[in-house]
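Across the two complexes that follow, chain A remains constant while its partner is chain B and subsequently chain C.
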Partner chain A sequence: MISGLTGRGHFPAFTDKRARRQAVQFACALFLALLGGLLWFNLTANLGAASMQVDFGFLWQDSGFDLNETVIAHGPGASYLNALLAGFLNTLKLTAVCIALATFVGFAIGFASLSAHPILKNAALAYVGAMRNLPKLLILLAVYVVMVRELPGVRDAWAFGGFVFVSNRGIEVPAVVLAGGWSGWAIVAAGVIAAVLGWRAVAQRGHPSAGALLAVLMAAAAVALTRPQLSLPALQGFNFSGGWTVTVPFLALMIALGAYHGAQIGELVRAAILAVPAGQREAGSALGLRRMAIMRLIVVPQALRLMVPPLTNQYINTLKNTSIGLAVGYSDLVSVMSTAVNQTFRPIELMIVTMCVYLSVGLAVSGALAFFGSRAYGR
Partner chain B sequence: MAVDAVKRGWRRLAGDPLTAATTFLFLALTAWLGPYLVQWFFVSAIWEATGPDACAAPGAGACWAFLREKWALILFGAFPHEMMWRPALGTALVILALGWLGWRRWPLRESAFVMFGAFIALVALLDGRPLGLEQVATVRWHGVAIVALLGVFGLAAGIPLGVALAIARRDGPPLVRILCATLIEGLRAIPLVTVLFFAVFVLPLLAPPGRSPDAVVATLIMLIIFHAAYVAEDMRGGLRAVGDGQRDASDSLGLRYLDRLRRVELPQAVCVALPALTNTIIGGFKDTSLVALVGVFDLVATTRMAYSDAAWQRYALEGLLAVGAIYLIVCWLVARHCRTLETELSQWRKR
Partner chain C sequence: MLRSYSLKARLAGAATLAAAFAQPAAAGPVLDEVLENGAVTCLVNSNSPGFSTPDSDGRYTGFNVAFCRMAAAAIFGDAGKADIRGIGFSDSMKTIVAGGAHMASRSITRTGTRDTDPGMAFVVTTFFDGQGFMVPQALGVASASELDGATVCAEEGSTTLLNIADWFGDRGMSYNIQNIADKTARLQAFFNGKCDVMSSDFSALAADRMLAPEPADYTLLPDVISAEPLTLLAQPDQGLESVLFWSFQVMLNAEAHGITSENIEDIVTDLDNQPAAVRRMFGTDSAMGEMAQKLGIDGNWAIEVIRQVGNYGEVFERTIGADSPMGLDRTATANRLWTDGGLLYAHPIR
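Then we have the complex of A and B:
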């Protein structure tokens, strides 16, 4: 700056810090514009050679393939958009189950690794160590091949009480069937929420029995509207009919990702509990509290607060890692995208859609965390 | 003394009912599963066999004969059989280079030279033409060679790029900062599998016509950028922890910007970021196995190739266990090395 002012005759970009930054910025913008232009030129040339162009119109065309085990129905006559939506809902379904399982495993492992019991502690630490050093794809494949090898065929399915069957197709469990399918479940959900809110509103005004009556009436109304029926699985020919099937790929993914992320969550639970100052524990025992009470009343509430950010991170990781479902043929978003790419050869459009979906879910979760964090902790 | 130790051990294993119940549970589990596992793993395992029939005998345990039969396929895939020494030598050179640099504690310039040399050597050995050997196309580069190429060099190039991204994100002009932040956060929000799909399907469309990169090169490029995003995030935390005082002190000593980064800020930032970097490195190395999903044949993919042979299909677990053992050993060594570095660095910092 000074040399520029004293006029040593340098070009300001070499001596003046601000001018230099602007020059860097300008060069960067120019470079990006050139790169973007080059990529666009290559893209149009490559697509032009195949007489194609970037066009999202195909998303509304018939997909021509079937997807099984989906939340919303998808047949060959449904559009690609519907296939992607079905895949995305499958991703969410798997993520929700894996998160629940991994959280359970994680807390168990976290507490076990802090236990005073030498065997329990070392077993937990060994489990975390093994999971940290093995690729998740390998764990998934190992679980999958063991299930395929050890589970019996449909006709020799292991029966538990005549209404749960385990075979190499998956687990068949009794299901509740509602009139109207998904709208039925929506009515039930609305009924439950209305019953709980109504009960609380009436009970708070000092009429608990009236509140209970109201809740029962609402539940009865929901039942009357949806006419629930129990559907039991039964062997018919070479297949099961009725009930609800959880397929082997889903189970394998659930076990593998639950175990894998369970170890990661165990690690962070352990770190969070260790991060609570020892003085807190000592203060608890000075008050005469027992070990369990100290944990439950003093340590865990403070540890939970430290846990929220890394735990959210793990949940987002779980969402991203469900994409390995492709390896065992589970129809998640990435696997539907891959099928669609192979059929249409429109990787650009499909990649944009897929990446935007993951980006928006990830951003929504981090946004919710920021909101929740600032509200809950007032920081 | 001995009596005391026994007493203490008894108290820890059976001091109160809950502890005793836990111990009993573990003993019962060992008594129940242990003999079965030992039986399967060692006693009734089939070590040598002329064919898969021996493993199908009733009561047969683990079929290690599967590994004897398919070890070359698992380690080297479809690389021409008589030239297997090339990927073997290349991988050995890479391991030697890493061991040497780890022992020398990663001196900056030497690391760059040695890693670059190892990369050139590996690629030359695999391709063959630079050494006057017969060419082997990249589609037949399989197994350990792919793990060495993508796993090691994806990270080796991704780490410096990530450090550069972190610095550009902190110190660059606004436009550069925004671009780096978008790149880093965007890549961290999407699964690696989609990034690899991008490499295999979209990258060729963005390349000049007729010069599209093949799958191995494309996945290597995207892996480097992907790892860089994670390293940049780790380094951001490290750089932030160093604080402004160090910058002001360097300025008052008259250090120039690059000297300040190299001699003052980065060494301290790496110290702080090392635990996070260890996680990123191990996670990144393990996730190299995901290239199997886009048609690049790493160890997992070659194992799948081995057990897709209908005769040996039932012994897939044995193959996966062997590959798992390789990953377990490598990742454990890396973690141990990083812990050593951590303790050494913390001693250096205290001084």
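Then we have the complex of A and C:
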């Protein structure tokens, strides 16, 4: 008590917990800012000595190269910035698919590894052991080479009913083509939302048939606006044209990263379920709940809460690991960056851009999951 | 022209004077560093059949490697004093700029934007190449103009992608580019028909064809879509650049005079009866000797280059020529002396 009194009287900054914390925070921030400043100074000084300077102006110049399977169009006449954006969207597309697949595989493996059935359990554990101990690039190259070698060439593609084709270039499926491309899909999405909302509003007032009519009218309007057409894949010249293609590089990356991160997620699902105290399960069975109900109602909700931090980590790792795509010709952000570095010889600027992009997406993912965690469990 | 000549002459005069007072004149800080270091660090492709491949002991051999050895023979009188390192294409230029290596002999195309980068200097073109296409015989294509809509496999990171974009774009032809960084993945994709065609420099395509399960199933199309002067790269340094440039000229001049690694000893012992140009090349008090003094290296450098590495034609035939596994017909390329209709112009040594 005495020390507390004297402390409060004489050295408020050292004894007041909040002030002390703020002082430490401030010191850390200052240190980081100084370190960053030193690095920047060092960089510009060294570049200056070699009569080079950091200049992002080249981003608006014509790139001169083509990219394949992009979400937004990119050709030689489009800028480097456009190329990087196209690469970034490809990274996001691949990451989203890989995260979905890895989560599915992870939960399946996690539950299987806790199964009472010895074959299922050991198979899951063996899968985790194998995937965890192989480099992901090796897995990717193996998947890619096997697909390219074992799937038929484009002229001998396996046909399924004449409208789905599988070759070593990819899987061709029929596609719905809308007038206006992306804006067409936006109209459809808006139409669906409006139809659902309208149908619910009208049906709730006791006129279900009127609601259905409204929904049909909305759908008819969307069809009239977008004029959907079915595009079937067909072999024309060197390649399939028409339809929609999932390419082999994309499939190989999806399988390799889905399998690799699936194993990692499987382990953390298993750990999170095991971390739920046994008493919880016992309490459930004391209440007479079935095994599945105990899992669904008691164990999994608590395990999910434990899973969020390591799962965030896995998702961010998946994002970063899509960069191995350049090995098999997938135009992700790093692949585009690497090509751009070779053309412009501006590695520093391009690396800064790329790092900032990865950093912001990574922070956004962890922020979103932290928000989800706090909302769902009141932390 | 006259003015610049006289200026040059005056500078040369000044340099000779300076050399007379300060013995081994400061040739260049990088060359000095090489001499101090005891080995010249030289970057090559880590696996390019014919051009640079490591043997079972990790010792590199091949066409590009010969110019690393040429530099070591000229600077140290010992071709073994080259520290040869295999490295990827884009990393090689970054390494030179960062000062991590003295030179690169790695099939790098000399382009204007690369040349104006202050961190590196292109010295002399050792191989005149061009970009072309390789297709399976079974595709039944005789010319690249029939490739509309084709899927093209190419290597990440070089002028390759730009040349393809220009070529197809200029003709209004569509194509699908597969830019595959991993060599195994790229070759597997091409040999298994995932791509219709592979595009690269002719020399690289010839090397890749050797890796096919059945090389005869593949053919190089006659179309040349770009000029690729594959050039030695060095850290910018007057001294080092002079050593590389003039050692290479010695290899050309030696070929022009029929001097090889086999007969160099006889030529040197019988130097007095040789033509003046040969005497200037191999005599210690000759032009090459004077240059050596300015550069601070041994006066016998021309002799050592020819004895330990050979003349240009010897190196070509030994590593990539018609009788080597690469099987490149030299007469079908521009890599012949200009007197034989090629692009290699032996500069005067005097």
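Keep this in mind: the second predicted complex is superposed on the first by the 299 of 379 C-alpha atoms of A that agree within 3 Å, B and C clash if a C-alpha of one lies under 4 Å from a C-alpha of the other, contacts with A are read in each partner's own complex, and residues count from 1 in each chain.
Note that in this section a contact is a pair of C-beta atoms (placed from the backbone, for glycine too) under 8 Å apart; a residue touches a chain by one contact, two chains touch by 3 or more.
As the structure is a computational prediction, the values presented were derived from the model and not from experiment.
Novice: First (chain B), second (chain C), both or neither: which does A:K93 touch?
Specialist: A:K93 contacts neither chain B nor chain C.
Novice: Who does A:D66 touch here: chain B (first), chain C (second), both, or neither?
Specialist: After superposing on A, A:D66 lies in contact with chain C but is clear of chain B.
Novice: Compare chain B and chain C by how many residues of chain A each one touches, and report the one with more.
Specialist: B
Novice: Touch check for A:A29: first (chain B), second (chain C), both, or neither?
Specialist: first
Novice: So, A:R281: does it touch chain B (first), chain C (second), both, or neither?
Specialist: In the superposed model, A:R281 contacts neither chain B nor chain C.
Novice: Go through the superposed model and pick first if A:Y358 touches only chain B, second if only chain C, both, or neither.
Specialist: A:Y358 contacts chain B only, not chain C.
Novice: Answer with first, second, both or neither: which of chain B and chain C does A:T339 touch in the superposed model?
Specialist: second
Novice: Just chain B (first), just chain C (second), both, or neither: which does A:P347 touch?
Specialist: After superposing on A, A:P347 lies in contact with both chain B and chain C.
Novice: In the superposed arrangement, which partner chain does A:A327 touch: chain B (first), chain C (second), both, or neither?
Specialist: After superposing on A, A:A327 lies in contact with both chain B and chain C.
Novice: Determine, under the contact definition given at the top, whether A:L138 touches first (chain B), second (chain C), both, or neither.
Specialist: Only chain B; A:L138 stays clear of chain C.
Novice: Do chain B and chain C land on any of the same chain A residues, and which?
Specialist: 141, 145, 149, 326-327, 338, 341, 347
Novice: How about chain B: which of its residues touch chain A in the complex?
Specialist: For chain B paired with chain A, touching residues are 12-13, 19, 22-23, 26, 172-176, 179, 186, 189-194, 197-198, 201-202, 204-209, 212, 282, 286-290, 292-293, 300, 304, 307, 314, 316-317, 320-321, 323-324, 327-328, 331-332, 335.
Novice: Which chain A residues qualify as touching chain C in the complex?
Specialist: 50-52, 64-68, 75-76, 141, 144-145, 148-149, 153-154, 168-169, 236-239, 241, 248-249, 326-329, 331, 335, 338-339, 341-345, 347
Novice: With touch defined as at the start, can you tell me which chain A residues reach chain B in the complex?
Specialist: Those residues of chain A that touch chain B are 21-22, 24-25, 28-29, 32, 39, 42-43, 45-47, 49, 116-120, 123, 129-130, 132-138, 141-142, 145-146, 149, 316, 320-321, 323-324, 326-327, 334, 337-338, 341, 347-348, 351, 354-355, 358-359, 362-363.
Novice: Which residues of chain C touch chain A in their complex?
Specialist: 89-90, 93-94, 97, 113-114, 117-119, 147-151, 153, 156-158, 161-162, 164-166, 169, 175-182, 184-186, 188-189, 192-194, 196
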